[in-house]
Every structure is written in structure tokens, then in C-alpha cells.
């Protein structure tokens, strides 16, 4: 059996991850996927930011659902392969700017964004969750800010998480780079609704997204704007934060920690 | 049996709602009531703001208790009859300024305000709860920001709710215009104490209000002031918000949504 | 048996309280103790602020653990003996500046501070907890802002508590000067982890502090800095707050309330 060019191209795309968008009945679904736990390399982050910005201008997209590939976690965070390949502070900053740009695209998009969290979220993945406006999750979706464990910190995702759950919750998660349960996330307001199965989540999501898609679009866009009032300086803030992570990620400490962390994941 | 003029006048007042104030042993009780679920037409909002401002200057009022008519919910929010009668953005803004003025009167009043929440609170009613300093509620007191369901948004009440419970809680309630339980409100800090019956609530309230009325009045007024520090620009902010609601409420979308919502309530 | 000079000196120190610091394997432990419920007179507050500032410059101190004498509460707050001896607003302000300086030293220290809360915390003691970055507590550690009960208010500790748990939680605690449980403190993000025994707490603390002491020190210091971003004006703010408490504490109201409160404690 020989592969067609199209088959091979699809396989290559799947290997490096993909972002797919469709719009049905006013509901735009943005789906990102990567074979390594739906982690995010720079190319996927750029595609995500671009698609969310574009959907902000598409009238038929009344509400946006952010979801990821079905298998494994919702999002394992930054791509480890890319983190390991960073050689200097400048390219380090540029890598973390990828997350900054997705967060800015999400919070400034005039459409309400619902995150469908079907599994665990780590590091930058928690940032995507916090930058969503409404979060529907299954109760197995534990969350973790693992940054400190690899010698950096949750600098780029910190402001959006703090805005959602306050300093008490953020500092607990940031300093103790261990798992927190979905119920904890719900109590702190990071998750809006928690379901006991993916089926229940999808059924709840369908009903809810349809209802929002039928809501007054002017009310939705004004609501979106007022919820993120006061974040006008986040271009500057998140760039500063990306610079912090970028300069830490090239240290000897971080290189050794990433290697040890990855070994722990695979053992 | 013929009605005296006084009887008829009392009946008319009850039909359009009333605000009643008394002061006993240092405890000023402000009671608003309206036959339609203790909802708030413009005239009642104006009376409420005026009485709260006045009590701020009355030495004998050491603490203020805000309560409502016994039957039905604590507060059904804005008067539907008045919402439906709004014909242009200017009168729309003026209607929502009624809520803005009550919230400003409450947060700027130098006395601690305790809300006695004996039942459900909806929309603007949740705003009154959030603008109180201490909230005692029964556990059947579910809360709901229904604004989006009628094509507007919780714009005027948003800042005071966000200040009390954070963005995570506010966005969950604002986007999902459905009920949240009293326990949820307690976990997020909107309710300070939740009781399992109205009797227990009233007993707790009596003890607590008496204790506060005997507390150092200088300490209470300074405490009140520091709790609302940073809201000095809310005249401007809430006026902007009233303008948003006022312009949305006259849209075709909103008129149809209010009609459908009201039909749902009565079916 | 006769006492040596050294014995007597140690006994005198214990009677007026003490602050002890040691550093083992990168973990600096700051232990304060006072025979009256680990309460804090001015001299201990000054020592605490000084030691924390000093440890900020000591390279071998990779992480700081704040703990108190084993018996009784974690911290009973301000020293009652000293509160009672305050005769004018100026010395009142100076006394409360003692807490302000400890809070500023803690939040500006470049090291992560873990609080080990083995028992109850009251008033200023809750401030020390809130000014820590990570809080490990046993479930019997109830907390209480008792200030209003003695005629003052939680003015100096208010900003750091509000920053950690939001206005909903702070106002509930500040207005109702009664106990809140350790679970409540955990739900609101004041406690990061709650253990069911002191043994479990100490075991968790040892593991956790060791892990942090092995973490990237540059990442830890940047994380510490960003968590307290936006508190640059707290010198001014907390001085204002100390002035409020200082002027209230000399009133007749407060003197009588302190006497009654102390009587209640001892009965």
C-alpha cells in the first residue's frame, strides 16, 4: 500500500500538531492537537493566536469553543522538545511570547470563549483555561503549574490566573508545583462547571453553547469587554514576563531540571 | 364596609411598592417591598438610595439592616413592567442609574450594612447583596444574574460583584445566566453566613446586629471606608455601565427576550 | 541549686519572648515565641522584621519557614499588655507600625516564606499568615480578626489579607470578629494546605521546604517579586493604617473593650 501525497502531508501535520476551526450554527470550535499530550510548540501557538484573532472578526462565529485532541490531557503546556532547544534569552523570550500572544488574543477577542477541558492541564495549558471566559471541565481534570519544577516560573500565565482566582490560589499553585483537583479549580473560580464524565460535559456544552449563540451578540461583546477591563497594559506586562521565563530557561539549572522532569514523566 | 382615605393610600403604596425605615436600639432597618417579587421600579430605587444616604448622617443609626418584604424572593431585580416601558437609550440609562445610585449610596454610607437575605436574589438584587458589607442568608437563597437571558448584561452590578467574589465567580454567573446556590455564594464570599432556616437567620441577625450597634462607631466607620477604598471613580464607572444597559434594553432583541423570559416565569 | 547568669538571661528572654533563627540545608527557620500565646510586643515585632530583612540577603537561606513556640496558638496577635499601656496616638501609631514593618519585610523579602501554622491565629497573627507566600496549617488552626471586638479594626493587616482572599472574605472576617475554621481559610486561599495533625504538617513541611530549597533560586526570587507586584506603595498605605489603629486604641471605648475582652479570655 503506497501513501498518497495528501496522506503523507496529513501525517506530517499530525506529528507536529494541528489547529482546526469550524463554525456550525454560530458556534466556532477551535481544536488544537499534538501527539505529545496536546502540548504547544511555537507553530501551534502562532496558529491558535491567529485563528482566535480571525474569529473575532467573523460575524457567524457567535461564540467560540476551545478544545483539544481527544486523547491524553487537555494540554501539557509548552513543548518540551522546543524548551530544550532554546539556546539564548532572546529566543527564549520569543518562545514564551507565543503563550503571551494566545492569552492576549483570547482576552481581547470580542467573542465569549468557552473552554472544554476533558483532561489535565499543565503550565501554559492552565493559562489557556484562565484566559477563557467560561470553563466546562470533567472532574478528572487536575491542574498543575509545573514551571518551578523545571527551574522557571508561571510568569506569562500568572496575571490571567491571578485575575481569575486571586493571589491566594495563584501563589499556592505557583510555589507548590503539584497537582490540584478539578474541585479545587471550581472552588477558586477557575472552572465554571465541573461534570462527572466527558459525556455529561459534552451534553452540557452543546446546550450551553447553543444558548449563548442565540443570545444578544451586542450584549455578549460588551460583557466580554468589561470582564477584561483593566488589562489594557498586558502587551507590556506579558512581554516582561516572557523575558523573565526566556532568560531563566537557558540556565544550567533549568536544562538539568527539564531533563530530570521529562525522565520522571516517562518512568 | 367603606375604605377610609388612609386605607386606600396604604393599598396604593403597597401596589407600587414601599420602602420603610425604623431605628431601634441603634439598629436601622431599611425594608423594601414590592408585590411583584420585591422587584425594584425606579421610584423604589430612588427611595432606597435616599434613605440609605440619609441614614449615613443619623447618629442613632449605628448599623443598617437591609431587608425586603417577607413573601417571595429577597429581590427579583429590576421591575419588568418598567424595563418593558423603556423607549429610548436616554431613559434606559436613567432607569439603570437607579441601581447605580443605590450601589453608590450603600458603598459610600459610613455605616456597616448587613443584608438579610431570606430568599432568592436576581440581577440587580444580587447587586444589592454585593454592595452590602455583611450578608446573612438562608440556604434556599439561590442567586442568578439573569441579564444575558433578557438580552442585556450585568453591567451596573458587575463591579461590586467582581470586587466581592473576583472575576472567576462573576464571569461564571454573568455568562451562565442560571441559578447558583447559596452555598456557592458563601464559598465565593458573597454571602458571609448561611443559615438553614429563616428563624435561625433572624436569631443570628438579632444577636449580630446588636453586637455591632454596641461596637466602637469610629472603628466601624473607618472599617467601612477602607473596605471600599479604590472605588472613588465608581460614579463615572457605573454611569458608563448604566449607559451600556440603557442602550441594549431598547433593542428588538431585548424586547423579544423580556417577553419570552416573563412568559417562562409565569408558566 | 543556683542559677547561672546564662540561665537567668535565658529565662528573662523567654518571659519577654524571643526570636530565634537557624539555617539548615538551605532552609532558614524563623521561630518567634512568647509565653502569652505567642503574642507580639513591639520588641519581638522589631526583631522579626530585622531577621527577615537580614535573611533576604543571606545566600544560604534558600527558603524561609516562619513558625512559633510550640505551646498554645500560632499567634495571639498584638501584645495586650502593650496595647493597654499606649497613652497617645503617636505611640499608638508606632506600636502598629511594628506589624506594618513585619508585613513589609515579609512581602519584600526576595525569599519564599512558608508559614507553619500549628494552632490558632488572631488579629496581627492572621496578618503574618497572609504575608507569607505559602501556608501549611493543621485543621484546628481557626483564625479570627478580633480587632473590632476591642474597639479598633484590622487596618494594618487588611491590605495583605484582602490581596490573598478578596474583599468578600476580608469583610466577613473583619465585621464578624468571630472564629473562622481552617477549612474556611483554605477555601478562601489563605491557607495553601491543611493537615489533620501536627505530625502530618511537619512531615509535609519538611518534604516541601527541602524541595523548594533545591529549586532554582533565580526562579524563586522572581516568583516572589511578581506575586507582590503592585504593593510598592504599601509603606505609605500601611503607615496610614497604623495611624488609624493608633488613634482608635487610646479611646475610652477601646480601653474598656480591651479590659472586657481580656476578662473574657481568662474566664
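Each chain gets a letter, A, B and C, in the order it is written, and its residues are counted from 1.
As a convention for this text, a contact is a pair of C-beta atoms (placed from the backbone, for glycine too) under 8 Å apart; a residue touches a chain by one contact, two chains touch by 3 or more.
Quick caveat: nothing in here was measured; it's all calculated off a predicted structure.
Interchain contacts join each chain to each other chain, per the touch definition above. A turn of 120° superposes the CA atoms of chain A on those of chain C, with the angle given to the nearest 5. Both chain B and chain C derive from one sequence, and where they touch, under half of the residue numbers involved are common to the two copies.
Our note on geometry: chain B versus chain C, Cα centroid distance of 37 Å, whole angstroms. In chain A, the residues touching two or more other chains are 165-166, 187-188. Every residue of chain C that touches chain A in the complex is listed here, in rising order: 112, 133-134, 163-166, 187-190, 192-193, 208, 212, 215-216, 218-220, 222-223, 226-227.
Chain C makes touch with chain B in their complex at residues 147-149, 151-155, 158, 165-172, 174-176, 187-188, 241, 244, 248, 251, 253-254, 257.
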